[in-house]
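Per-chain numbering from 1; labels A, B, C and D assigned in written order.
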Amino acid sequence: MKKIIIGMLVLLMLFTVVGAAAAQSGKYALVVKSAGNPFMEKVREGFENAISEVGGEAIYKAPAEPTVEAQIIMIEQLITQRVDAIAISANDPEALRPALQKAMSRGIKVLSLDSSVNPNSRMVHVNQADPEQIGRVQIQGIAEMIGGEGQIAVLSATSQATNQNLWIDWMKKELEKPEYDNIELVKVAYGDDLRDKSVSETEALLKSYPDLKGIIAPTTVGIAAAGKVLTDRDLVGEVYLTGLGLPSEMAEYIKNGVSPWMYLWNPIDLGYLAGYAAEGLVAEEITGEAGESFTAGDLGEKEVIKAGEGTEIMLGAPFRFDADNIDQWKEVY
Amino acid sequence: MAEKSSENRMSLERIQQIREFSLIGFIIILSIFVQFRNSNFLTMANLDDLLTNTAILSILAVGMMMVIITRGIDLSIGATLALSGMLTSMLVSVYPALHPLAALLIGTLIGFVSGSIIGLLVAKFNILPIIATLGMMNVFRGITFLISGGKWVSAYQMSDSFKSISTGSILGINNLIVISIFIYLVFYYFINYTRTGRKIYAVGSSPKSAKVSGINVTKITWLVYSIMGSLAGLSGVLWVSKFASAQSNTASGYELNVIAACVIGGISIAGGEGKVTGLLSGVLLYGILENALPMINVSPFWQNAIQGAVILIAVVVSALIKRKTGSSNKIRRED
Amino acid sequence: MSDQYILELKNITKKFPGVKALDNVNFQLKAGEIHALMGENGAGKSTFIKVITGVHQPNEGEIYLNGEKIEINDPNDSKALGIAAIYQHATSYPHLSVTENIFMGHEKIDSRTKRIMWGDMHQAAAKHLQELGADFDPRRRMSTLSVAQQQIVEIAKAISTKAEIIIMDEPTASLTKTESEDLYIITEKLQKIGTSIIFISHRFEDMYRLADRVTVLRDSKYIGTWGVNEVSNKDLIKAMVGREINQLFPKTEKEIGKEIMRVENLSRKGYFKDISFALNEGEILAVTGLVGAGRTELCESLFGIKEYDSGIIYFENKEVEIKEVEDAMNLGIGYLPEDRQEQGLILDWELDKNISLSALDKISNRGWIDRKKEKNMAKRLAEKVNVKARSIFNLASQLSGGNQQKIVVAKLLTSDLKVIILDEPTKGVDVGAKSAIFEIMSDLAAQGYAIIMVSSEMPEVLGMGDRILVMRNGEITAEMDVEEADQEKILEAAMKAEK
Amino acid sequence: MENKLEKGLTFNRKIKAEKEFNLKDFFLQWEWLLLLIFIAIHIMNSQLSPYYLNTYTLLDATMTFLDKAFIALSMTFVIIFGDIDISVGSTVALSSVIMAVLYNAGLSMPLAIIVCLLVGITAGFINGILIVKFKELSAVIVTLSTMILYRGIAYIILEDQAAGGFPMWFNFLGWGYIKNLIPVILIAFSVAAVIFYLLLHKTTFGRKIYAIGNNDIASLFSGVKVDKIKLIVFTLNGFMAALAALFLTSKMGSTRPNIASGYELDVIAMVVLGGVSTSGGKGRMIGVLLSIFIIGYLRYGLGLVNVPSQVILIIIGALLIISVLVSNLLYGNKSE
């Protein structure tokens, strides 16, 4: 039996080892964290728009579960397909290094967006917003809501993706300013980006800190869950909520006053920018060195800047959603 | 000797009680300990939260108990739950006027269809439950992804009446708790006081005997998975209403929590054994662990290990109690 | 004419893929009689019952109940017609209560609400049990009952369905003498209230004690029906086996040699204590007593299945320890377990693999199996024990009970044995195979092997044993030479001080 | 050779010891069906993607699924027992995390690798000892508990951090090629597969595994050390999980407590599709090997033409059920 199989395999290989290597140009792949994430669906939309503007073919890959293992396999498949560029939102900054380096060694341009990979495994990172700005603006927001004093807590995701931890660090730095002396950050809780976990973590926060005045949830799942809990308990005006959320999910809580406003960047633009950056790399308009610049379609001129040990392209400041503009945005994403 | 050991084994009925009592004892000790560390634990508000958050788990556990009694297992319930939740909430987003009861009914129906397919595979085509449900888990989850197109159904797309299913209350008690109490009463009656209910035990205790004594084993097995599916479907609606969000990866892996609760509750994987009262204490312990650990500031990273250890201890201790009370530990198999 | 029969089966044929399990079988049951059904294993008795109870449907033939032609399509049909069966392996629900076992499927329910009325059921169950002379609590779990008690529950179940015809499939096979006696009384009681009974058994004493008429099946065919008093034992055996058997207990002349094994104060908590005996070459030591007296457990400890707690074993005058099966096998102790299918064989395996399983060392080289050696060994041994099989690649499950037994014996022959332990070697075995087994035993003893034979069958103990040990409640209550032994003495020792 | 016990017995019946070749039985073997599926998948894949059918792709693709395939080898033994081990995914995570943490704490890499394997062995041993000592607990329950427990310990150790920074040579396991063509993992797996094949089909150890899976009581009575063998097999399963952890960790370059989640189900699916019955005693290594490559290449091929992962999910699920269904219809079902 074994012989037969080996024989078959060899035969199959011989059969078409000559197999065509039809080279097509202009294949751009987008690998996201997992399927079923509406934020990423919007990123995809922007990415596909950009790619169709430059006349290429966009490939979208989303693993069923948000794991690095699945992303590695997808990268290998993309390498086999000989795509020209891979844009990835990573489930782990470090673990994709070998796979992405292999891709780069085969001449594929690699960039990350949203959730970055380490500088040595990418050429450039497309950053939705400056982490410093994101961190600081959320503290400023919550301070304004609670009137400058009281206890606040952070409801984060798993914080495995580098983002949240970075933002929380900036939040803590912002809090060191003297004007926030009366604000106390009592706890950073982790909802693991799971609905049920985020709900029970929010409830535990409310119970453990009866005097809690505000919650910052720098994650879309967490903020929606917290909004739901605060609404259900009718804590409008007593506990304020802000953070990063999807307009569609947060529309209800912004309008009922639980969260007077919150922030997010525009995922469509993020995808769009990533699409143009990929095109720039493929066309060798840019190489990912600091100081280069390129035109990103409707977004205009963008510059590659130094960030840590690597380089990145900045989308812009986070956008503020409040009762006045939420209705026009909730249908978009 | 037979006489001697059978006297010993006379107390076998009592073992179940001892087990339940020791479980309840453990729950009480745990509660006192937690209360000591965080005085908010034993407040009405927190107990309400605790029960509300455990309600869905408890409903699923009833179905899983029946499946396990027939020597089966159902790994697909998380996927069924997601499918029903997604379909129902998509429906609600299109027809906001849909009556909540209708939504519950539709969700249950979707679950029933899913469950009866599994029932058919297991009962009619003799596919082992673990395989059939593993396969269908993939299929249901995939279908959910496809139907939703990867999109979520969010709070604003759901009507208030739909969301009120799980936020509203009757006589000051949260609807979810009311629904799960209702389900426990119905199934307590069903399992203990109807012929069909008893046949479930018969099939699990000895499928061979059941067959020769004219019990339609195929039908009962099918029924059990269909009920499990229906309850998962119902839970899907409750889940989506509770979290006001339907995602395609909802409740992924939740089946293991449900099985764990059943195991703590003394439902024997070998079949034929298990009581609603035991199940209830298992579910309660599980719910308390979930609720109390964050409250006493146990690092979230310790929670997994603690849960695993508790389950392991629960099953080992119950095995030891069984031995001590003299049940035969011969290697012979029953059946 | 046929209307005097309550149940009549005409020309019943049942085919399974590849085999005819019943070939044109006829059977008539008179109202109120006890009718024995006999035949060797594999003669078709079990299939025959399953046809009557609707588990199987016949391919050909007709069934008449009270003269009316009927069809029985599933077990519920037969139940509705008043037919109940008590199967060989109790068909009970071990996790459930006695009451539930009795009433499963026909629980007493409130006519309006359909609610099960547990109180009424427990009462009714207690009443049924009382009628049968049993006094245990119907709330008890089935698994806590003894085999005999479980059988009573099965009978109570039959009564509760108001069955007019009760089929008993080898009900005495796992019962002791006294328990069997109790069962006879119950059966007669049933007969008195007008129940017709089909009684299947290997034991002639059952038949003589109870039955009015006897029907014999052989090789799936109907051989004949006789009045019990009209037919001689010898003719009946001939009808069953198809040939004459001259001597059931072939005891050959032999010399009992020197001591090979001695056991002193062997104990295992909860099972047996202070067991001491000696065993000599060429001797057949019969160990008897009631079921549950600790005989099987003793043998299991001697064979290393379950470790004993204290005591000393001497083997060929050397002190040895038997902790594992391997220890026992290395010493040269072989064990023929009681339940061949469960403990002796792997039914889904070919004969060669079955035979070699306990001698893997002999057919392997540093762990690598030598298939050629294995096949040769299997062929040689299968031929030695005269297994009726075409090739060593036949599956064990394809063999008849007697031939399966022979394969278990062949497994023993793979090692160089000195002591052979046989646990109930003839349980569930038909006459033909029985005599073959006794023949082998005698042969072995004559060659100097020491044999420990556990048996509940009095004729067997007296017929084959050289020395007899009687156990009760885990202790040895009597030891006697066969010359000085008789049934009364053994029984007295087995039941000493009980009741 | 004839021992003295046999001498007394002589009959004259002849029994055949030569196997009769039955063409129908031969071709009705499950493995043929698998082979058919295997070929069909390659034909389908090469129709779908122009990049599929060439030596590089076919060899490269094996890098995407062979890590868990190591566990499938030993899981085959476990399932032949009629048991199951669902803690393997957690064992992978635990051994990988401990290895990384110790390496970062200054242990040399070779030592860390040895520790990784030891952790796997220990985890498997604990499963085994619990299953052997508490016969009333089924393996499902024991390994369900340890599944939660082992991953829990991994979380305690590393919380939500990642650990990595392994030396460059460690990358070689997951990413290296021999002669720039054949992936290291494929060679390692082939060696392991041959060893497991021989172990199961040619040695007394394998024979005993089948015996226990068919009838543990009869095995015990035949002198098979049931407990010892079970313990060895569960320990071996832990060891193979640790081996898979090495390759997976090498592939990712770093590790964290949530890796390899859901591996147990993938592995079980591979084994079951290979024709190993979860009721025990049945199945062959060759079927499992075929099934590993069927599932692996199916996934890879569909991914190559960018079929959404959720559709792949459905296809794998359906394949599992349909193949078991077909086998039930073809060979009847034992459970009756």
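We adopt the following convention: a residue touches a chain if its C-beta (ideal position, glycine included) is under 8 Å from a C-beta of that chain, and two chains touch if they have at least 3 such contacts.
Chain by chain, the UniProt names read as follows: A = Rhamnose transport system substrate-binding protein; B = Monosaccharide ABC transporter membrane protein (CUT2 family); C = Monosaccharide ABC transporter ATP-binding protein (CUT2 family); D = Autoinducer 2 import system permease protein LsrD.
Keep in mind that what you see is a predicted model, and the values were worked out from it rather than measured.
Of all chains, the one whose mean C-alpha position sits at the greatest distance from that of chain C is A.
If you average the Cα atoms of chain A and of chain B, the two centres end up 35 Å apart. The distance from the centre of chain C to the centre of chain D, each centre being the mean of the chain's C-alpha atoms, comes to 42 Å. A straight line joining the Cα centres of chain B and chain D is 30 Å long.
Among all residues of chain B, those that touch two or more other chains are 141-142, 145, 248, 331-333.
In chain D, the residues that touch at least two other chains are 160, 217, 220, 308, 310, 312-313. Shown for chain A are the residues that touch two or more other chains, namely 35, 62, 64-65, 190. Interchain contacts (touch definition given at top) occur between A-B, A-D, B-C, B-D, C-D. Within the complex formed with chain A, the residues of chain B that make contact are 38, 40, 45-46, 49, 53, 141-142, 145, 148, 150-152, 154-157, 167, 242-245, 247-250, 252, 290-291, 294-295, 297, 300.
If you check the complex, the residues on chain A that touch chain B are 34-38, 41, 62, 64-65, 189-190, 192, 195-196, 199-201, 203-204, 207-208, 210, 224-225, 227-228, 232, 246, 248-249, 251-253, 330.
For chain D in complex with chain A, the touching residues are 31, 35, 38-39, 42, 46, 49-58, 60-61, 63-65, 160, 162, 164, 171, 174-175, 197, 248, 250-256, 258-262, 286, 289-290, 299-300, 303-304, 306, 308-310, 312-313. Those residues of chain D lying in contact with chain B across their complex are 84, 130, 134-138, 140-142, 144-153, 155-156, 159-160, 216-217, 220, 265, 268-269, 272, 277-279, 308, 310-314, 316-318, 320-321, 324-325, 328-329, 333, 335-336. The residues of chain B lying in touch with chain C in their complex are 1-6, 9-10, 12-13, 189, 192-195, 198-199, 201-202, 204-206, 208-215, 272-273, 331-335.
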